[in-house]
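This is the structure I have questions about; it appears just below.
All chains are identified by letter, namely A, B, C and D, in their written order; residue positions are counted from 1 within each chain.
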Amino acid sequence: MQSGGSGRGLRCCRVHRVPMRDPGDTSSIAALIDSGAVEPASIVAILGKTEGNGCVNDFTRQYAVNALQRLLAGYLGTTPEEVGRKVAMVMSGGTEGGLSPHFVLICVEAAADAARWPKALAAGVAFTRKLEPEELGRMAQVEATAEAVRTAMIAAGIDDPADVHYVQVKCPLLTSERVADARARGRTVATHDTYHSMALSRAASALGVALALEELSGTVAEAAIGRDMSLWSARASTSAGVELTRNEVMVLGNSARWAGNLVIGHAVMRDPIDLPAVNAALETVGLAPRGQLDAAQQARVAAVLAKAEPPRSGLIRGCRHIMLDDSDIQATRHARAVVGGVIAGVVGRTDIFVSGGAEHQGPDGGGPIAVIARRG
Amino acid sequence: MQSGGSGRGLRCCRVHRVPMRDPGDTSSIAALIDSGAVEPASIVAILGKTEGNGCVNDFTRQYAVNALQRLLAGYLGTTPEEVGRKVAMVMSGGTEGGLSPHFVLICVEAAADAARWPKALAAGVAFTRKLEPEELGRMAQVEATAEAVRTAMIAAGIDDPADVHYVQVKCPLLTSERVADARARGRTVATHDTYHSMALSRAASALGVALALEELSGTVAEAAIGRDMSLWSARASTSAGVELTRNEVMVLGNSARWAGNLVIGHAVMRDPIDLPAVNAALETVGLAPRGQLDAAQQARVAAVLAKAEPPRSGLIRGCRHIMLDDSDIQATRHARAVVGGVIAGVVGRTDIFVSGGAEHQGPDGGGPIAVIARRG
Amino acid sequence: MQSGGSGRGLRCCRVHRVPMRDPGDTSSIAALIDSGAVEPASIVAILGKTEGNGCVNDFTRQYAVNALQRLLAGYLGTTPEEVGRKVAMVMSGGTEGGLSPHFVLICVEAAADAARWPKALAAGVAFTRKLEPEELGRMAQVEATAEAVRTAMIAAGIDDPADVHYVQVKCPLLTSERVADARARGRTVATHDTYHSMALSRAASALGVALALEELSGTVAEAAIGRDMSLWSARASTSAGVELTRNEVMVLGNSARWAGNLVIGHAVMRDPIDLPAVNAALETVGLAPRGQLDAAQQARVAAVLAKAEPPRSGLIRGCRHIMLDDSDIQATRHARAVVGGVIAGVVGRTDIFVSGGAEHQGPDGGGPIAVIARRG
Amino acid sequence: MQSGGSGRGLRCCRVHRVPMRDPGDTSSIAALIDSGAVEPASIVAILGKTEGNGCVNDFTRQYAVNALQRLLAGYLGTTPEEVGRKVAMVMSGGTEGGLSPHFVLICVEAAADAARWPKALAAGVAFTRKLEPEELGRMAQVEATAEAVRTAMIAAGIDDPADVHYVQVKCPLLTSERVADARARGRTVATHDTYHSMALSRAASALGVALALEELSGTVAEAAIGRDMSLWSARASTSAGVELTRNEVMVLGNSARWAGNLVIGHAVMRDPIDLPAVNAALETVGLAPRGQLDAAQQARVAAVLAKAEPPRSGLIRGCRHIMLDDSDIQATRHARAVVGGVIAGVVGRTDIFVSGGAEHQGPDGGGPIAVIARRG
């Protein structure tokens, strides 16, 4: 199954970054549509950074999804449910530190008179088949994800895995009902802890990306899922959601079959304060950070997409961090705050998509960082 | 009244930065003393970054002070109370994001065979007279602070205000008892809100520093205290503590009357993501950041001292921040996290002293940053 | 303007209490409607206890309102906006301690063959005119609220203020835009602190209730609003919402013009642990608590509506509480938790509507408690 | 090994409950000693309810212990360390809701002219041998604890387990160092998760109490520790502390060998709102709660000691609670708040010792409640 690109004719990917006043506020997207800048039917994905806690009781994500579906249903003359099936909605809670709540719209249009470069930003979406509860956090999910990534690459017109720079995966989790369903059919599940199942599902999905992008050779052992943190993808960004029963995959890369002046690149932060990796990511798309990007270069940055995670060692370069011992503020909130600060210092902006929970997404304590920029 | 330097003979200021495992853990200081690296009687001040919330119910600060006083009393053969009178203890709560709990020891010794440079790091301590409750947050406190800064400069052997780069002030606050005391004597107080009195005392103290360092010309109006945020010092760092009845002032600067290979400089962050200001501060002490300091340059950084504050506008460069609307995490905690991330990205270390509450200390939303470094 | 009761013929008020799985979950209301137990058009008000923090960044309230409006719009064949105009939605965030997220539906029907008693539960809704920004937190709001309460009493068929036992008011607050609007017209506002404006609007509204119910004689001075806590209503429950430009008032009481086996009564908690007041409230509706209500009596309780607030003295019966000094958990969250515990202990249920922010609603640190019960 | 009671002659146990202004404030204990009301050498144990979060980064407990040891060392002419060996210090963090920070002193004196009753409050303290890391959370700890309880009963002069009403146990936990130590000796440990080791150590200790008090017959299976929640003690209260390498046990009960007018009793709360159990506990010591204790009866209550825990089912009597899904406030904080409210409503006081983490201490979601009272 595939969508997000017919493969016929030259296409163009456009990216719009707009603010939100609260998680239910979609007025800046409405304004884009009303002004003619965005054709509602061209929207294939919306990423959102909302101001919840990014943890279990973060309802800002679904609140934003509901508002977005209601908005687009109005413009498209359809139902919110149908919008849900057509447009990938990836909400990430948590704007700690100085991060700014915002939406990033990914739109795909016919290229028309878009600028031509050897390669341009390309997007492709694909889905796995329905995953059974007993498959989550296990090799079945790894392999199904890898296959969906390959399908999405085809949808995006990308042949070489090296041309993929960001793979967003939304994946299911276990609930008590799903565990019971598996049991009733005589199956075991990877974990009975539903919260832990989110980590395992993210982990299996990330390993699937790593296999599809040939970041890992051969295959991985099921026992490595969520455990062997030496295995990781430099381009996966995965998140689990209770509303899903299959993995949803969006591939972003550069392709000769697309037009437009956007380009994407990436690097990997080795730890939360890896500023050189931020610079490296910017350099892959033609930007030349010397300290902080100047105003002209800032204006060329269309989106920054990063993952953050507390180092399990309890240390950052030998100095103790307190993220994992803080019973007042969740560890991932601390991690987003510091990574957000490091990136914002370089980029000169705070509307950066930093999300938490980076199992097998970059090394322990680090994470991938992708940048979409306009060519100079 | 003055202390912290006799003015006779050439002195040398040494700075030691050591970790703490918890707010009551002074073992790394004990190890320094036991190894002979630090002479207990040479310690004139200890700054500490503890892992509390930095707000009203942060007891980690006094817990650390108690532990430090007990430790030094043992080495010095005196009482904890006497240590309290001799050694300035400045604890700042809050190691949000990736910040690392640590102590910074300021030691003053006879220069002996210390390295000679045209100027070297100099420290001086002074106190105001006892301040009456009705004087807090008012011009009396501003003026008394300014006078104490001038006295501390003399103690530090610094003639030119331009040679001062960091002024730490600890100041009193109002309690219900103190308000009642003022009333009983027929006096009014600046505020009846004891929490707000902390801000006003910090504000008045910062303006006192600004006057002494000639950052403001002439004088300031009492009505400006805590209100006119266009008035600020680039070098003040003030904090209020319930245990005080007078202002305690420590001046750090460079002086020709001191020896040693340490030097201090400063810059001012205009907002929480002002990375260029971090670079500028590092350059004032001879470091040359290109991205992140390399290992050799990192090793030369003896201490980084910065202030952080949420911009009152609700915006960072036009993008909304949520610090002031978050009822789960206090605004100053967010501010320390992001500023800590920006600085740690450049310096490559997380044991940085970032404290909150920066009234009249740098512009709204920004704050001073001072760096002490070893000469290359 | 009035609604919620035609005044013609005998009416009957029904109350349904149902759980929610999350703030966007309205499935238990849908089930009530689908089963025929509730006629959608009969719903005049929905109170909801959602699991947000009940403070500034609590988006669970509006999330629930959106979901409720969408649900009822479907059943009523109208728009969510129209539902918003017809059905009072009072969401209160915060289910601290053991409180359980739930909805309370207030439905008004023709009496038909409803049980007849001398008096029965009656409901009436009314609205003030649009309130200008400069009127909020001032006598204009007090007086407009009082008038709306009298109108709602007429709508409810209640002549004697003593027959009113609960008055829910939703009221506007000041935003930066509204302050600017007032200024542009040469007006001043009660406060420039938008958060504080919520307290002043609640306070003025509560005093309006107190005047209408003749709990205060004559009038009140504008200077008393939000300050003189010796003035209070035993029956007001007010909350501020940014979406409003007028006060919305719902009166619940007992009236001879209504049928049905529900009755309402109230008492006032003098402090957060005033268990005798809980007992007294239950006794007013014919229940006889001896320790905890037994199962038969529990089943007769249709709804409990209470207000909670931290005592400003910092003490509960001479013992220090820490609610006002806790920078990790907001004071109103502590207050709801303890009051919820006291009430749940007596009632034997946790789906109790305890809301925070009780200015002039009961004495300082206390608050009204109303009980709706089925006759035995 | 035993202490806390010579076994010779008639003894008397006195209990003093005093407030603290902050976790480092011992002035109310100093006042008791200075007034002659308490003989410092008679203090065998101090329980404290401090205002930290009661979780991992709660430093208020050790801060209070340090302050208490320093205070008593001064009065006793010894070192803080020696006080630590002689006086059991049981600090429990968390005064959520309306709970009030306070200390409870347990003092043992010669009976002299103390009142004589058939039985009176008796206290006994005992310690296990040093427990190896590999013994924690396993049968070795269960059995060693059971033996120490029996020893403490002898110290307390209590023959019949039915006369024991409260057993406080402080127990060790695993740290990375201790795990490594076990490994180096070729041993396995019960868990590699150091946080989880706290729960297992509490669990094993509680089962040890249950065996010693014959609440469980025969023995328990090692696999039941921390898992089979149908096994529990109605009188154990256990807490883990990093500073310990053995279990410290304090038994409180009634004995004919003791004098004085204090008596202790207990009951078990079946869930967090089990008000009838609170009443039952009060009745065991001769109090007759009818609603809330009247002033005369309140004055007879010397101490209330209870355990609180979130029900793992996610429900309280069929209604959903949110304790386990709240990523902003830890579950045990919610549990203490609601249980504190239920008890305070009945007792009419908020200086109640409610602590969290009740594995095998009462049924799931419930916990023991003990009351010490003066005879009427």
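Convention: contacts are C-beta pairs under 8 Å (C-beta built on N, C-alpha and C of every residue); 3 or more make two chains touch, one makes a residue touch a chain.
All figures in this text were calculated on a predicted structure; none of them were measured in a lab.
J.: More contacting C-beta pairs: A-C or A-D?
T.: A-C
J.: Name the chain whose C-alpha centroid is farthest from the C-alpha centroid of chain C.
T.: For chain C, the chain whose C-alpha mean is farthest off is B.
J.: Provide the C-alpha centroid distance between chain A and chain C, rounded to the nearest whole angstrom.
T.: Each chain's C-alpha centroid was found; their separation is 42 Å.
J.: Just curious, how far off is chain D from chain B if you go by their C-alpha centres, in Å?
T.: 42
J.: Return the distance between the CA-based centres of chain A and chain D, expressed in whole Å.
T.: Each chain's C-alpha centroid was found; their separation is 48 Å.
J.: Pull out every residue in chain D that's touching 2 or more other chains.
T.: Residue numbers touching two or more other chains: 51, 53, 57, 322, 325-326, 328.
J.: Along chain D, where are the residues that touch chain A in the complex?
T.: 53, 55-58, 322, 325-328, 330
J.: Tell me, which parts of chain A touch chain B in their complex?
T.: 19, 21, 51, 53, 95-102, 272-273, 275-276, 278-279, 289-292, 316-317, 319-323, 325-326, 328-329, 333-335, 337-342, 344-346, 348-351
J.: Can you tell me which positions in chain C touch chain A when the two form their complex?
T.: 22-24, 51-52, 57, 59-60, 62-63, 66-67, 70, 328
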